[in-house]
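Just below sit the structures, each encoded as structure tokens.
The same subunit A turns up in both complexes below, where it pairs with subunit B and then with subunit C.
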Partner chain A sequence: MRDRIVPVLRGLIFIVIGLVLCGVIFTIAGYSAPLMFQSIAEGAFLRPRAFEHALRWGLPLFITAVGVGISFRAGYFNIGAQGQFYVGAIFAAFAAEWLNGAPAVLVIPACFAAGMLGGALWAFWPGLLRLKSGTDEVITTLMGNFLAGLLLIYVTSGPLKDPSGSGQQASSRPLDAAYRISDSYGLSPTIVAIALCVGTAMWILVNRTAFGVLAGLAGRNARMIEWQGAQLYRLGLSSFLISGALAGLAGTLEFMGPNGRLASGFLPTHGFTAILIALVANLSVVGTAFVSLFFGGLASAALFMPIMAGLPAAAIDIVNAAIALFITAKSNAIDRLFGSRGRK
Partner chain B sequence: MPATRDHPQPALRCRDISVNFGDVTALSEVSADFAPGMIHAVVGQNGAGKTTFARVAAGLIRPDAGEVIVAGNAVRTGNVNDVRQAGVELVHQSFALPPSFTVAEAMEFGASGSGFLYSRRKLEQRWQAHLESLDVKVDDRARVRDLPVEIQQSVEIARALVADAKILILDEPTAVLSPSGIANLFERIEKLKQRGVTIILILHKIREVLSVADTVTVLRGGMRVEGPIDCAGINAGQLAELIIGSAAPREINADDRVALTGAGTVAHAESHSADTTAIPMLEMQSVSTHRDAEGPALEDVSLVIRPHEIVGVAGVEGNGQRSLVRALSALSDLAGGTISFEGTDVTRKPLSGRRAAGLRVIPFERNVEGLSLSSALWENWSVRELLQKSLLALIKPAELRKRCAQALTSWSVVYNDVSQPAGALSGGNAQKVILAREMDDDARLILAAQPTRGLDIGATTFVWQSLRSARERGCGILLISSDLDEIFDICDRVIVVLSGRIVGDFSAPYDIAEVGAAMTGAVR
Partner chain C sequence: MDDIIIAILRSGTPLVYVTLAGVIAQRAGVWHLGLEGLMITGACATILGIYLSGSVVLALIVAIAACVVGSILFWFVIEKLKANPIIAGLGLTGLGLGGTALAVQSIFGTQAAVNAPFGLPRLGPAFGSYGVLSVFVLLMPVFVFAMWVLLRRTRFGLKLAACGEHPFAARSVGVNPSAMRLAALMIGGVFCAIGGAELAAGSLQIFAQNMTSGRGFMAFAAVIFGAAHPVGAAFAALFFAVVGAIGIRAQLIFGDNVPHDLLLGLPYIATIFGIWLSTRLRGGNKTAASFGELRDY
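The block that comes next holds the complex of A and B.
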């Protein structure tokens, strides 16, 4: 039991320390820290329907974060969730464009398949490079993010450009209402059901299959499992593909649900927040669900802060960054704080 | 304390030294006086505290209590610079020379570490003379990594003597050497003694102690049980008794006792002959591999292991033992030749296929290749089984945990909970977890690579008994060890590897001189 509680407490401590740091930063910058905390608390948790708002932002984050967790568990630091999220959305948008006019029962599944394929593809090449020639996946997936961002700009101002667009922000034609899986408010039974399915499937994969145990071992000590005859190539590449496919799925969800169109540079921090979530949740699937809700709450508070505290919406990025800062301290200082034992 | 000689002032005096690592007591109130100008041996089984003692004396570890007095002056404990200033130098068990440096560079920076600018020529002039004066025949432009271990060690000793060391401590210097290498080392040490250097040798083998040392100090369980006493006044049997102690595991037979302490040489393995008509468990025919970072290429290696047979691989470390195990485990590509298990060709099969056919591997590096230290015990234990399933096969962790607990208990592993990380176990217990995984009932051919390295006497004999009982069940076993006593004691046949070739094949009774000669390629 203690083994489960300690990581959760540890995650909470990052958040608390991060928030305190933010308070200091905003006070120095001349804002009111109490008002900021109040606006975060209200925006995230206290205002009417706060839970639904947290779900709207939290569910796509959860899907991406669970995928990130899969590749981290297997020992691969795939930080390309953002790019995989974009490529997933782009693939789904192309599928919707080509199949435009076909019945929704056909188009919607096809878009999801295309989105997951796109995300998986964007994780496939870094995975292949990593496993075939040892190219550092941190570099390749990071570059993949930039490539995907540029691709999104190209697609939204080229092949999928909305001719009636205002020109302020390049975007694709709005998705036909028949194909939308939610209104622009962003929460619908379909989205909840998808998130539940993903969560269940991934929980089973991690906790109840040979893959889960073996990938976990490979992540902690690849050489040991190699001496056991494991094919690291298969374990590693499937981890990359799963994490990419899930990020792509989240991209599809945002495209077909709340956004309803592909806009260049939409949700630019989605993938990075998901990485943060996976780390705070210590890569556990159940933990990721709760932490996603929390960060979903923060994301919805971002829209609330300018109104209440006169802070820019981007202030929430500082909150996230402050939390991220302390995640790196995880292995040393915090462990010592809890007196976790273990040799070396 | 009875003084061994009537010297007014010991060269090194340790008083009531205690060292704790967390909950583990490594040394407990150890006191010893080492007279100047002599060769002192410090002996004990693994885990007795020998290396900790050496490191305290050299200033690398600050003891929790006690003092170190060099030539009458107390030095600040745990301060390596002070201790070196006082003239104490340590030669490490695993050498500390940077592999990519040339000999001259290693000498320069190992000695003083001062200054930034240097000219290569000046360095070389300076150190070649020093090396020659110590009779170390090496080109000082050679890279450390290209030198044979024996020469590396000589360079390391030369490095330690640069600063005019008065006390030289060598931590298990013989562990990596061939018998003739050991003889050379001892000659070198004798010469140093004549130059007035006080030498403290951390040793493992009684045979070596009695052949080189003037006095011997015995540690057991972190305590000094005897010494320093004059080596002339003690025989191998008494010394073995002191090292093992009366509380040691009961069922150690006489040969094992001798092998454990190196009190003599076990000439006869227990009479045991494999059935030469049986289908070989392993048959390698002219196997060659490519040279890689992990060792020399195998060249034309042919080897047969039959059921009910333990074949030992002797050789100076780094002569292809790793390459051999990796080739058999399908972890390296063959350049030629075939490998078959029980008459079935497995040359093209990956490790998983070979494991399915009954291959089991106890890898060289227990904590890296054998276990994932930060993963739970049950995961470490069940990995072999899980790899035989498809990746998406559903598992029941609760059941795996239960079976793991049963297995670990039957292998008498001391642990708290199967969910605890493997890194929390002691070396002996960690090795037993590996044995529990690798020596199951379906095992046919077992590759045991350094299975007792670093283990104490109880765990070592446990491993030996396990290997013997696997042999009784009909397994074929390949035992790689750098401890000749171990090999002679439990192997039915011994092969010797040198530079990736098999250069000798011996059966009992073994002659340490003959095997030793084969290890270094000396023609006999």
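The block that comes next holds the complex of A and C.
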């Protein structure tokens, strides 16, 4: 147990360093750093029903982050969760549009299937390029994020445009209330159940199946796994597809639950936060669940801070970016910097 | 024809400068995904500098200082704290995007775009219709050539290449890879600042949130496409700009027949194609993820 907790605690040290950097940035920008931290703490964890707010933001993040963890485990830097999240939501929206009028028992599963298919598809081509010809997945998935963002703008201002909508942000027609899986508050038994299912299935996949074990080994030493007869191609492509499908599932969840419609550029930092969560949790499924709650709290604080401290919502993006900057730092690096305690 | 070339040079020049920053980092063995964040920092600092001080020179100095500080931070995190350069680079990018948005918000109280009264000096009427371009467009080939000389014809550049390719060999002749990387990243910071300045103040004189929209990542792709050679990477960057210009041209020709949001995606598709092609041509065993750690030995 100890060797599982210690890495997470070490991760927390770097979160603290990141927060200090944030404090410096905010002080330079003329805001009060203590007030900022107070409002983050209050918005994230101390206000009434903070836990429910954290769950609302944390559950979709958890689903995406578990997927990111699967591809990272297999040694592929699929950083395109944002794009897969968007394409999943777009596919689900199209499914809902076409099946509009059919009974909800039919439409909701169809939307989820479409969403997962969309996400998997958006992870499929970078995966294929990576495994067929070795094309760097970091760049292809990044470019995929931008393309998916444009696709979302196109879809919400074109085929799925809400004719009654006006204003700057284009959005689709609102989803029929019968098909919603939660109200705008964003927490419902359905969403919790889906997250639990995903978590359990992925924990089993990672820890109790040959695929999970081999993928984990492939991430550390792909050549050895290949010599031992595992099919790296299938292993790699599956991990791309699973991570894409889960990001697409999260997109569907946000579309059919809290948001109820597609808006261009909605939740633009979801994928990036999910990558952070996976890294902080050291790619473990159980860890991801806890870390998701933490970052879910931060995400809910982003809506709270402008009201309380007069800070722009971008403040949370800065906090997340600062954490990203430090999160992969080796913990023994600190020992090396400040003396010789690290030597044994 | 002239207006197409002007459009290409306008969108391509910032990209080329940032690509040069990526090239020198790549030579030193650092896969630099923080280019985007440094570029927008340079763009923001330039516009704010012009707006607040009224001097272009002062604004450029501020932009360069900001980007060099950002580069030093990046170096410290990946070199001293041994963080993964890919993730740390993405973090630096997020810090740049969020930090510039915060700066604009805290100075002006809104998130709207900021207009500067004037921009970088222009070439002027002596260049005919090209006079609307900024001087940095004309300086671009000079800088590309200078970077080539620095990397390929000086002792510093050769040592740098050794640090990137075989740090152990570099150490054995008394070169400190860590210090060399710091130098490379700082020089890269200067180029990112110029690229950002050119983007924001070269023709538009405006700063808007997220205005780089992935150009830093495109520059990184141009580095790979151009095999980390200054001239090759510069041409790769110009190729992306050409594709972008074709997209804008196609909008004018096809009008509403082709959705213009999808045409905006052409540079990204070109980038993916470029990366794919360069892996086909040169083999694909070197991917960014495999450089997740800096090597000292």
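Things to note:
Following the convention adopted for this analysis, the second predicted complex is superposed on the first by the 328 of 344 C-alpha atoms of A that agree within 3 Å, B and C clash if a C-alpha of one lies under 4 Å from a C-alpha of the other, contacts with A are read in each partner's own complex, and residues count from 1 in each chain.
Heads up, the rule we're going with is that a residue touches a chain if its C-beta (ideal position, glycine included) is under 8 Å from a C-beta of that chain, and two chains touch if they have at least 3 such contacts.
Predicted, not measured: the structure shown is a model, and the values here were computed from it.
Partners subunit B and subunit C fit side by side in the overlay (superposition on subunit A).
Of the two partner chains, neither subunit B nor subunit C is touched by A:Arg49. Of the two partners, subunit B and subunit C, it is C that touches more residues of subunit A. Of the two partner chains, subunit B is the only one that A:Ser238 touches; subunit C does not reach it.
Of the two partner chains placed around the shared chain by superposition, subunit C is the only one that A:Ile153 touches, whereas subunit B remains out of contact.
Put simply, the three-chain overlay gives an angle of 70° at subunit A, taking C-alpha centres for subunit B and subunit C and rounding to the nearest 10. Between subunit B and subunit C the least C-alpha distance in the superposed model amounts to 5 Å. Those residues of subunit C whose C-beta lies close enough to touch subunit A in the complex are 33, 73, 77, 80-84, 86-88, 90-95, 97-99, 101-103, 105-106, 111, 213-214, 217, 220-221, 224, 259, 261-262, 264-265, 268-269, 271-272, 275-276, 279-280, 283-285, 287-289, 292. Interface residues of subunit B, counted against subunit A in their complex, comprise 22, 329-331, 350-352, 354-355, 361, 363, 368-375, 379-380, 382-384, 386-387, 389-397, 419, 421, 423-424. Listing the residues of subunit A that touch subunit C in their complex gives 25-26, 29-31, 75-77, 79, 129-130, 133-140, 142-144, 146-147, 150-151, 153-154, 157-158, 269, 272, 275, 279, 312, 314-315, 317-318, 320-330, 333-334, 337.
Put simply, subunit A touches subunit B in their complex at residues 3, 204-205, 207-211, 213-214, 216-217, 220-221, 223-231, 234-235, 238, 341-344.
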